[in-house]
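Letters A, B, C and D name the chains as they come in the text, with residue numbers starting at 1 for each one.
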Amino acid sequence: MGKLGESAVEKGDFGGYSTVRAQSLALCRPLAADDYGVQPILDASPPKWHLAHTTWFFETFLLKVYLPGYKPFHPDFEVLFNSYYEGVGEQFPRPLRGTLSRPTVGEVMDYRAHVDEAMAKLLDADDPEVQDRIELGLHHEQQHQELLVTDLKANLGLNPLRPAYREGGTAFASGADKPLAFVGFPGGVTEVGAHFGDGFRFDNECPRHKVYLDDFALADRLVTNAEYAAFIADGGYETPSLWLSEGWTWRRENNVAAPMYWRRDDGVWHEYRLDGERPLLDAVPVTHVSYYEADAYARWSGARLATEAEWEAAAAEQPVQGNFADGGLHPEARGARPSQNRALSRGARGACPSQDRALSRGARGACPSQDKGARLAQVFGDCWEWTSSAYGPYPGFRPLSGTLGEYNGKFMSSQMVLRGGSCATPVGHIRLSYRNFFYPKDRWQFTGIRLARDRS
Amino acid sequence: MGKLGESAVEKGDFGGYSTVRAQSLALCRPLAADDYGVQPILDASPPKWHLAHTTWFFETFLLKVYLPGYKPFHPDFEVLFNSYYEGVGEQFPRPLRGTLSRPTVGEVMDYRAHVDEAMAKLLDADDPEVQDRIELGLHHEQQHQELLVTDLKANLGLNPLRPAYREGGTAFASGADKPLAFVGFPGGVTEVGAHFGDGFRFDNECPRHKVYLDDFALADRLVTNAEYAAFIADGGYETPSLWLSEGWTWRRENNVAAPMYWRRDDGVWHEYRLDGERPLLDAVPVTHVSYYEADAYARWSGARLATEAEWEAAAAEQPVQGNFADGGLHPEARGARPSQNRALSRGARGACPSQDRALSRGARGACPSQDKGARLAQVFGDCWEWTSSAYGPYPGFRPLSGTLGEYNGKFMSSQMVLRGGSCATPVGHIRLSYRNFFYPKDRWQFTGIRLARDRS
Amino acid sequence: MGKLGESAVEKGDFGGYSTVRAQSLALCRPLAADDYGVQPILDASPPKWHLAHTTWFFETFLLKVYLPGYKPFHPDFEVLFNSYYEGVGEQFPRPLRGTLSRPTVGEVMDYRAHVDEAMAKLLDADDPEVQDRIELGLHHEQQHQELLVTDLKANLGLNPLRPAYREGGTAFASGADKPLAFVGFPGGVTEVGAHFGDGFRFDNECPRHKVYLDDFALADRLVTNAEYAAFIADGGYETPSLWLSEGWTWRRENNVAAPMYWRRDDGVWHEYRLDGERPLLDAVPVTHVSYYEADAYARWSGARLATEAEWEAAAAEQPVQGNFADGGLHPEARGARPSQNRALSRGARGACPSQDRALSRGARGACPSQDKGARLAQVFGDCWEWTSSAYGPYPGFRPLSGTLGEYNGKFMSSQMVLRGGSCATPVGHIRLSYRNFFYPKDRWQFTGIRLARDRS
Amino acid sequence: MGKLGESAVEKGDFGGYSTVRAQSLALCRPLAADDYGVQPILDASPPKWHLAHTTWFFETFLLKVYLPGYKPFHPDFEVLFNSYYEGVGEQFPRPLRGTLSRPTVGEVMDYRAHVDEAMAKLLDADDPEVQDRIELGLHHEQQHQELLVTDLKANLGLNPLRPAYREGGTAFASGADKPLAFVGFPGGVTEVGAHFGDGFRFDNECPRHKVYLDDFALADRLVTNAEYAAFIADGGYETPSLWLSEGWTWRRENNVAAPMYWRRDDGVWHEYRLDGERPLLDAVPVTHVSYYEADAYARWSGARLATEAEWEAAAAEQPVQGNFADGGLHPEARGARPSQNRALSRGARGACPSQDRALSRGARGACPSQDKGARLAQVFGDCWEWTSSAYGPYPGFRPLSGTLGEYNGKFMSSQMVLRGGSCATPVGHIRLSYRNFFYPKDRWQFTGIRLARDRS
């Protein structure tokens, strides 16, 4: 990890301690008092818990260790707000987080102030380990800012009243009529992952290492609501041959027939977004789909999902820009932008009729291209993109030492890698090599679908 | 059902519409905003839900039916705040009540005001059915006032911080050294239950009917904390022969080793009460025990629980007075009062050595007496008393007609009858013939133990 | 308990040790080797287990205690074949009984022979306690003979191939067109239950005690398949107001829409009986219904179920005769017999038009009668009759001392009493005062419906 | 797929139709009649079901499709013995397989004979698709032969009596004192997987494709019982930092403290093997461990598990020989053979003290070597080796067309790849490129641990 003082603040893409901490509170500003304590689904945590747990992180891994004479805010908080660090000790049961009416929001705010005041004494410390941990703590808080938004969306979006988080955001959705095209990429030995010490990276992104890739092609944009609705209309949810075995069981046992926030009302699909429920916007990316759904959609369309190495190799040509959470309006996925479309139309120029014949429904009309200048839309931001890669250690992976080694490594089983960040990811938080991971069934994050294809 | 206008107000033991409605809000006054939405266990409901559901009752069964032109507050509330009335329609899933951050507390207060305003137009209606339903609605709200307190106790008492609901109440606990005695009652054909139309009664208390009882004896007070602690110390929770088969399974699967709010800290039993956690008060009645625990304790003590007919026959001699919720302090069970003790010592005068020999541990020293003037302490108030009678219909039982017939009758399976009310029952709410019912495993109510014995 | 040597053998209604033991094997004669180990539902046990457990009972409670030098057959059997006696020690988990491929059937047969040989030395013992325990052991084995048949029916009847247990039995089903009538009984103080020591009785039937009954009426026969089919056709399973709350939940969660062995095939109801599956026999009693279904049917028909005291008072006039398991053919419920019908037509003579008007659908045409000579058909045998009484202790109940006290008493919660025995109950096993008990949801026993009504 | 007639029989490593079919029956010869129907755990199936399902495969995918006039043995078997083919239709619920007492073993044997007789008419068919499906069917049956053995081991080994499958096999266990050594392998671009059409391969092994590997080292033999016991003694099961998060939860919820068939008796570890339970054999490979346990052990020993590409690259130098199921004795894992040890001692010659310092406990004394002639013991046979690779599609993967495409592809989520076959894998069934897959929690297969290390 690099030092925060230099890298983050200077680059202007990260923000210092007070900026990040303030952003957590800013996200809560539209909330009613009633919203702070609710755990709508087992995967989610109450906003109040996020506010306290991120504070606990600084108290536990910095103040208690490095600040002489620090007096903890409350003796019970060590257990109450420990998420999963066995090395720290016991944890309050996760499924009961929504039952903690105390500490109150006010007390949690006092806790934040108490810790922020103490942290002020550490921010300028010379100890590089202190600086590394501060930086980690801020990245950690940014991750929880994203969870705070998605957990809140689960709360509001599953409430029968479907209240808006913030009114007024009209989704940018032009580009609707743009057919999806595939952009080709050459194979060979390539490098992915991140070097240790080269700016801030999580341990799971390292080390940078060689992989061999066959030629492949990626779709130039995410799958849209309209395209996904066609999958549904074609019986996608009733066709077992399109699904992984686990996925089919999941679908049946949970009566899944559409993405998480879709609801059919009087024959018309509606989608809850953070500004409320409305009829489906055709051109925005479909989001809140599980890996099972993404995989089934890809199979239905005659394509597949990308591996994480393919994704990273292709994305390496793109700037890390996109529809991220920048504090304005509410975070929601948007349609591909016109400027991106223009770039794409240049990149994807030219026909490939012979390959077209092999393509089935969803991917019809698309064809690979090897034009190196080709740009992919929505690679960063908008929706996390499910890859077909299970989350595991890179060759030579070494977790952080001590209790912080529990941050990433111990989750390397049964989950899938997602890439690229989403509209709920704070601006500046993400990198090309950033690996997110969720269970195949999870869909309360802003998760979307980018198609891929072989080129052999 | 009698008319509210006459019976309740005149007698001064009930209170009119505005009094009862105001009491629900008064109970919430000590709450933090965070406390209103929490559902700590599946059996409990959030305070906010109680406030809304009791309002829904008046809206659904009175305003929508009898007030021409009434405009419902919100179209979704019919489903949201329906508890279990299939005749009204769909219900929001009970286990998810704690996930409803909306409507907010403020909106629920507006809902209450909206309904109260409309109800004002019905309060003087001549229609006796309207009056009966108003009275039922107020009794219904009082029942939820009790649940509000017990559900709140579950919230605060299971929170690791164990916050007090209200500070300052010192439990009245004299009488600790008074040994428990049994008071005898003669058998024969007797009448229990209530007549239709003779003041307000729930349908399940009717009709009044004859039963045959053998001679029996009841303990002159409830089992105390100290006595129950002796049961624990004697291995009561590790002795399968003391338990019902279901109870033993329940105990093992839930790792039960003490009443619900007891916690062993450094070798000393502590009990959470609504004014906070403290070392066990010896002389107060043990409370928050399941039927299984009450039954096991009785067996251990060489006694048994009373049938509901025995209880009612014995309680018929007592005034309906006791430690009820009267709006002062917090509701908690208290020790038997000195005045009661005096009465008891008179009643229980005289020895019965021959019977003493047959008595085992817990009931040692007690002996039946047939003195008709004998008074039993704590018959009304303090703790609901588990009876050994399963909850079922009285001979000739007829439920209310229509949807309100779902009020009581459809729960007549697998539950046990409790009698006498508790410290959380509103003053004036209860009667001699009042039948409460819970599952044998339930213990989040103020439930206690009164021993009984045969006299043959 | 009386001595077996005198009472049972002399009376000719019980059979001695070897007779009862042989009957268990006779019931298994039609089995394939594959059938011995199967546990089709959690409530059931494999035939092999019944054969071993009944043997374990004699080994544990007689041979190990009273036969000097007795060498147990196998050291592990004490745990393996202990059903629920905590006093004996650990028990093999009940849900896994179907996974015990060993001991083999052959080894279980050897176990039986080993124990029978040793028991021969105890059968003539003078010790009355030994005789009492032998008698209890034989009654215990008869109870398991009934379970063996019902568990076997669950195995074969839930198998998609629906194989017959034994071919060839044509159910006796005349009386189909006989309308159901009600027979009246006068109320007052009456005695029910059994005296200690007056022949063999289980502890739960004692002591004999007084109860007060209002006037009541019982249906003169069981509800038939045709009548129950009318309930289904009338939407009985889709009408929540007919059901107990628990029952409605049970129905919905288990997708229950008919009795356990009914199956709709091409628009026609079929019923699996032990001679195979066939179209419904109209005139035989409906059987394999839960308490919830029995209760809902009764409510639909404008009647109710009887209390166990009512049942016993009415049945006291009847001889203990009926369609029991007598070793011939397969046990199945049969239609009311012509001779019974004759008796009934005498008993039920006379019209009662004024009351008829109050009766709703299922009970239409019936009317009470006070004719003391009136006989009820199918009181004993055919189907166990669900009563509305929860299973609990009689006044003055004392369980057997020691481990055998676990036989009945510890099950006195959450279950309902059934009376009268069934077609699977061994002849001679049952008495007027016999109390069977099952959970309201249970329906793999031969359980049926007798309607009752108030007469006020 | 290649033709069976040529490839398999000529090579002598496969056997023709009748040989494979006969082997299934041979495996059942030691069974008692009671053993055929038992499903001891949900993952396992009864022997009878394996015998029927493998027959169903030939009936469904060959006889019904290619043999004109073929008459199915029984109309219900299509559903009863369908394992998971949605394309064929409905399936009998897997968890209930142990409740099917019918068809009887005799009827299943008749089913096998019926299908074998019909298959005789197809064995010489010229249609290459018929030949391919026959070959697939035989490989399928061999897979079920392995499951039959492991499922049977679960039945007998979890039975409290712990009966032997076959007596008399003394495990070959020399080599106990041989310390484990690591053998180095150079990295670079290499090819793994199988070509289509090059002899029989499952679709999931194809296509052959390039991967890039870093230098790595593999242990020269499997981890032994003695080594694993040291992990336990060192508190391995009580140290959360050694475990994946899921694994720690799994361990806690299931009270796992040792491999599946280990049992501590009087302070001594015993292991159930197919010839009965006995004190632990130190030198045989530890087996029946979950991925979580294998991963935790590797972490404890300072090593890791191999990726499947590493495994295949290393194993490519080895002949496909080892301790497979060859019809003799019972299948069980054995110690590394002396001849292998000799080869190993040559291969692993030379010290590497500098690296030794970095090694922690379990792997102490080992050092990498690049000697190309080095042989690894137990690569094939003995135990399936957990790899750190999640089971997914190879680049360019194409499932079989039609319903047989459900054979492998639809399971490509949440499972881990295992390599090398086990002592229960039929001789000749396996290949270098063979990919087995199970959930991380599964351990009823013969699963073992081979350590790997980086060489950077």
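Keep this in mind: a contact is a pair of C-beta atoms (placed from the backbone, for glycine too) under 8 Å apart; a residue touches a chain by one contact, two chains touch by 3 or more.
Keep in mind the model is a prediction, meaning the values are calculated, not measured.
In summary, no chain was found to touch both chain A and chain D. Centroid distances from chain D, each centroid being the mean of CA atoms, peak for B.
If you average the Cα atoms of chain B and of chain D, the two centres end up 60 Å apart. Each chain gets a centre from the mean of its Cα atoms; for chain A and chain B, those two points are 49 Å apart. Here the CA centre of chain B is 37 Å from the CA centre of chain C. Looking at chain C, one finds that none of its residues touch two or more other chains. Shown here, the protein chains touch around one cycle, each chain meeting exactly two partners. Those residues of chain D that touch chain A in the complex are listed here as 84, 86-87, 189, 209-214, 240-241, 243-248, 291-292, 295, 304, 307, 388-390, 392-393, 395-396, 405-406, 410-414, 416, 440, 454, 456. The part of chain B that touches chain A in the complex is made up of residues 32-40, 48, 76, 79-80, 92, 98-106, 155-156, 158-161, 163.
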